[in-house]
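You will see two complexes here that share chain A, one where it goes with chain B and one where it goes with chain C.
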Partner chain A sequence: MDRLTRQLTQLAITVFGIVTVTFFLVRMIPGDPAQYMLGDYATEEALATLRAQLGLDRPVIVQYGLYALRALTGDFGASVVTGRPALEEILSSLPDSALLAFAGLAIAVVIGIPLGIVTAERQGSWSDLLIMVVALFGISFPVFWLGLASVLLFSQELKWFPALGASSGGGFLDQIHHLVLPAGVLGVSVAAYITRLTRSAMLEVLNQDYIRVARAMGVPQRRVVWRLALKNALVPILAIVGVTFAWSLGSAILIEVVFSRPGIGSMILKAVSARDYQLVQAGVLVLAVAVVLVNSLLDLAYGLVDPRLSAR
Partner chain B sequence: MVGTHRQQRNGVTRRQFGGLLAAGALVAGSGWPLGVAAAPPVLRVRIGSDIGNLDPARIFQIENQTVATQIYNGLVKYDEASNALVPDLATSWEISGDGTVYSFALRSGVVWHKNYGPFTSDDVKFSFERVLDPQTGSSYAGQLASIKSVETPAPDRVVITLKEPNSGFLHKVSAFNQGWILSRKALGEIGEKAYALNPVGTGPFVFQVWTPGREVRLSANKDYFDGAPKVEELLFRVIKDETAAAIALENGEVDIFFGLQQPEVIQRLKGGGQVTVLDRDANHTINLILNTSIKPLGDVRVRQAISHAINRKALIDGFFKGTKTEASGFLTSSFQEFTNDVAAYPYDPQKAKALLKEAGVGPFTLDLVAPGANPYDKIVVPIASDLAAVGIDAKIKVLERGAYLQARNKGTVPTCVTGVVGAPDPDSPILSMFAKSSFPPGLNTSHYEGVEDLIAAARQAQGDAARKEVYGKIQAKVMGDAPIVPLYADRLYIAHTKGVSGFVQNSLFTMSAYPVVLAG
Partner chain C sequence: MANPNLSVAPPPPVAPVPAPRPVALELRDLTTVFPGDDGPITVIDGISLAVRDGGTLAVVGESGSGKSMTFLSALGLVASPGRVQRGEVRIGGAEILGRTPEQLRRLRGAVVSMIFQDPLTALNPVFTIGEQIVEVLRAHSGLGRAAARARAVELLARVQIPDPSRRIDDYPHQLSGGQRQRVLIAMAIALSPKVLIADEPTTALDVTVQAQILDLLADLQAETGMALVLITHDLGLVARYADDVAVMYAGRLVEVGSIEEVFSAPRHPYTRALFRSIPRLDGPVDEELPAIEGQPPNVARLPPGCAFEPRCTLGHGRADCCTKRPLPLAGDRAGHRSACFHADRLDQMEAAR
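For the complex of A and B:
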């Protein structure tokens, strides 16, 4: 219970801080939502009317006070452009973002962890070198390049998968069919990080005394690696997986653009360029909550992986 | 060694699949729409960015306008092919001898989408008065400013009285922006705010649902007065990247590629031969605006020198790979009032230098201000080097869109890039770019006031010949004074699959899905 209260307090403080900073930051960028909305032909009167309707004619600090009061009641304002509740609009793309992040990470874990283990086990061998070089490429290649290249290969040439990464009202299999390429690209680019991280975590553990003892006692190599070493190397790997998940919820913008997928990242980008203040704030709020939640879940997971950590 | 590597890869593939299945289970749990097979013919159209507002009083941007084109009607409309004004909701109209009273006979039996009842003259009155009401804050109030009163003697008759004759008035009430008619009842019940994405019209398609960042879904209006559309559903899909959109078109994932602009993608689709690529002159030119209130741009010789210094042909052939056309003025050939009998500024660096010398201007610095959007942020580069060749030190300043609009609105930028996209109504670019009433915060960043008397004369001109003459004079005067440099006439490209027939490309930078027939 105590732990829950602590985490809730942490959540509240983080969200409050982030939303406050965002509130003032987006208002500091030059540009005007009224101008964006009304376009090139806007007259000065029309701009003034709209600014007044949106409350943008008041001092920023007053705007902030009003926003904070309403936010306490769960009202995060309406999108300047569409007039719809900002939070609702952001949440409408949460499933798309979560699905992409989840599927991408699943692929990354499935590729990255075994490769990391194999390379750590055979440190200095040709296979280690080869995989590390490939992983370096994976890290160095920009994700939009990988995305476009995969569209050209798998969609245009081979016609295995659609070029559009989001299905439109199709069935379950259709959804999966559309998801393969974007999730694959995200997965492969993240897998490179996970491979390298797993490798160094494993190397550290494999050089420890207890592993040497286990080997000396004749414990089979398979058991040494998978049971004794991996379990201890798992905590940093879990950390990077969790952080990457939270990160890709909001930062998979390039993948979303290349594959024409809706998502929170592109939604926030759109909102920033339209100076849709409320939408930016709602987007950042959702991401902040997601990051804090993922970290809380990770805390729990650490305890499961390594009982010493939950005793703390 | 190779063998083990293989095994590893195969193993991964199986587990990868497992991961996807797990991801799929998550979708199933989240209650997404599942299992509906697309049975009825759906026309899928690519749009380059998301929509945001479909309220005719506030509408802006080609994606919004394109979706709205399917939903609304105007009193009159532009014929897609010829740009002539033809009947839409009005079947006929009479103009009084002095040119101030327009009396429209309205189509009867027209009903609003979603059971909002019959369309009547009261809706016309409501729509125009709403745009004019300062409370609405419409950007298009100025377009209808000549209206004195709107009367409704009968449900199928509307009489509009003007403050003074305005020969271009029919353009203002044509099916575009402020000319689109909405329902008094629908707006009242839906409310101002929610209406932006719950539009109700009389057009061939009924707005159904907008999924942010993904798509807009419309259904066929079976009761459409000209007959039901030939497709059941119309889907606008947001696909930002043009390369991805091209592949999606060739793969048959979309049927029509709207807003095709990148020269490389145009060439690619044309070369591939799998799809049909249409092109047509747009109604707008892209212009480099010169601020005449800033030294030394106040001197006409300096502005003419700049016009001579820019190699526009090289820009079109090189950067645009021939996908744009040369502009002789600020109107394009798609305007009925167009003339090319104006001062021409062929590329001639020597003449430019001579003009600068004649004006007594030594080397000076000029900021080229452009929005950070393709192609404007790129075309300023060759322009800068052309200017450097005649001794003008051009500094490129690319601003993010919001910051650019703000800077241009202040009117203090020495140059900027402007194109007035829209209807083939010559008043639209002329009033926006060259009338004193459009001084910043309007689009007259030139601070040009050389055609005030001609603008007044154009309003009075009755009959096509008289109009053509006075608009010809305006074009000649402006091009002589050179407050702007027309960089190129935009050309519009749309591609569609071979399964699409009946499609007619317009010059408004929108499209109508109504005539389209889908094969198979």
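For the complex of A and C:
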């Protein structure tokens, strides 16, 4: 089986798993969609009718079978709130979330990887200690707290950036202006994580024999660190970026809520409170597939970095 | 009148006494310490050694005796927090220890090169062997990419890698252990160094390949006149390839001399014990080799006297061996020195046991 087929099979199995898990997970949320839609004063009869309409009166396992069969044809049901196909609703808000997540991840990579390399190179120095302490704070503070604090500082006090919304209808520069603060908060929070893991990947490589050999051969320190060592550390660093992509998507959801930005995050949040099962399922599925896709792409990239991996 | 000069017979040709070749690398009193819980730990202690152009010095001793550390110290490669505490390192007569890190870097790989024990881990797995040789060439010379690559092909051919213009684009994992060591040798000789330090170059290789690698080193040495330092614990190799031998124990030199002298009349009980533990081809098949009794020393807690005293069959418990600091390698005979209080009486002492 060649590489691509293997990747695709893996993807299919993962997606099937995600569909199954989210289906049952969503049904564990307490509350009844019919009750939610009709309000507290609905009669038992009206509730029963609505449940029958939505198929909620059948055994869960039957509901799952029907759902899975329809999912195979790309039909993930309709949102019970808007009546539009759930997948369509979610995909329409994907660009907003993707923009935020990628902008945040880009900031995190640009800050985190160089800092990780520099601190590994100067292990034990004051600059290493300082950066590591700051990074530890960055990891320890929840991203929504950083978001609220930055809104207070940069929007309320300094009035540099707007606090709310994405200016979706506005001009390009205006959209960027709205993006800076949420993407920055996300980026800094993820950068802390990338810095720490890049540092440990680099430290491990810098202790290898071949690095000692390069030094013994008089290769300049700059070349040793930024070329000979970095390329070796790139596989673990790419793996970290893959993991943090999932994490930045998750954080992007929190950030969307804090900054009242449109996106999958805010949509899923609303769907959960409305017990809009189909919408939640489609939302989680899209996020999960995005994570799996990005990681599959990274898997392919490993082979470009490390010749031993492409040989397999 | 005949020219008187004509009646004088020309002087008989005198066999020319070869002037001793210049010293390529010399260490004097080199001492390296690491910080420990109870003050600094001396890992190598007052090492003085020399190797001449074209000569081969073998440095032998157990693992942890400081063989490699001695030469890493000399090249400014001691990993922090270790540091060279005192001593001198001369290359071609010029002192280098006080030089800046950048000046030392320029010497490393160009004037003094090193090859290491394990060729499987000494090459960078994500670069082709060509890229790695070119990296060394370009670290020290202004060669352009194409010229450096052409030179790398030559070097691979010189270390007998077959089909070098194709193999240059191989990654290390595509090569055998012996070939990888050849690639490392190609890197080490790329800039025609004065001194090549080979740190257990064949320990990780199988026996037939060992001889090929050492013969290659000997050829290269004969061709370029470089000095060779062979760090090893294999006394068989020492006898075959070295001119001089230095024996180390617990970070100190215990015996230094020419191969002939040290092998025929070792003047330190540790050296004698090492010789006894070499298997003999003509010995009985089930012969049990005498191992050196006791534990290898912990350099953080050496006894106040001779470091070998606790394990020494001759000196153990003797008052002088237990209490007095070990002798510096004071001259007993020219060119053959030992750090044993009883160097002159070892034969009698052994016979008396």
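As a convention for this text, the second predicted complex is superposed on the first by the 304 of 312 C-alpha atoms of A that agree within 3 Å, B and C clash if a C-alpha of one lies under 4 Å from a C-alpha of the other, contacts with A are read in each partner's own complex, and residues count from 1 in each chain.
One rule holds in what follows: a residue touches a chain if its C-beta (ideal position, glycine included) is under 8 Å from a C-beta of that chain, and two chains touch if they have at least 3 such contacts.
This is a predicted model, so every value here is computed, not measured.
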{"item": "Contacts of A:36 with chain B and chain C, given as first, second, both or neither", "value": "first"}
{"item": "Which of chain B and chain C A:126 touches, first, second, both or neither", "value": "first"}
{"item": "First, second, both or neither for A:171, with chain B first and chain C second", "value": "first"}
{"item": "Touching partner for A:212 - first (chain B), second (chain C), both, neither", "value": "second"}
{"item": "Which of chain B and chain C A:74 touches, first, second, both or neither", "value": "neither"}
{"item": "When both partners are placed on the shared chain, which of chain B and chain C touches more of chain A", "value": "B"}
{"item": "Touched partner set for A:102, first chain B, second chain C, both or neither", "value": "first"}
{"item": "Contacts of A:260 with chain B and chain C, given as first, second, both or neither", "value": "first"}
{"item": "Partner chain in contact with A:232 - chain B first, chain C second, else both or neither", "value": "second"}
{"item": "Contact residues common to both interfaces of chain A (with chain B and with chain C)", "value": "none"}
{"item": "Contacting residues of chain A [partner chain B, same complex]", "value": "29-32, 35-47, 49-50, 53, 78, 81-84, 89, 92-93, 95-96, 98-99, 102-103, 106-107, 109-111, 114-115, 118, 126-127, 148, 151-152, 155-156, 159, 162-164, 166, 168-172, 175-176, 179-180, 183-184, 187, 257-263, 266-267, 270, 273-275"}
{"item": "Residue numbers on chain C that touch chain A, as the complex places them", "value": "75, 77, 80, 105-110, 113-114, 116, 118, 121-127, 135-136, 139-140, 171, 173, 184, 187-188"}
{"item": "Chain C-facing residues of chain A, complex", "value": "124, 208-221, 223, 227-228, 231-232, 305-308, 311"}
{"item": "Residues of chain B that touch chain A when the two form their complex", "value": "1, 4-5, 8, 11-12, 15-16, 18-24, 26-28, 30, 32-38, 44, 49-50, 52-53, 58, 60-61, 134-142, 193-194, 196-197, 211-215, 235, 237-241, 243-245, 247-248, 250-251, 253-254, 400-403, 405-407, 409, 418, 420, 432, 441-443"}
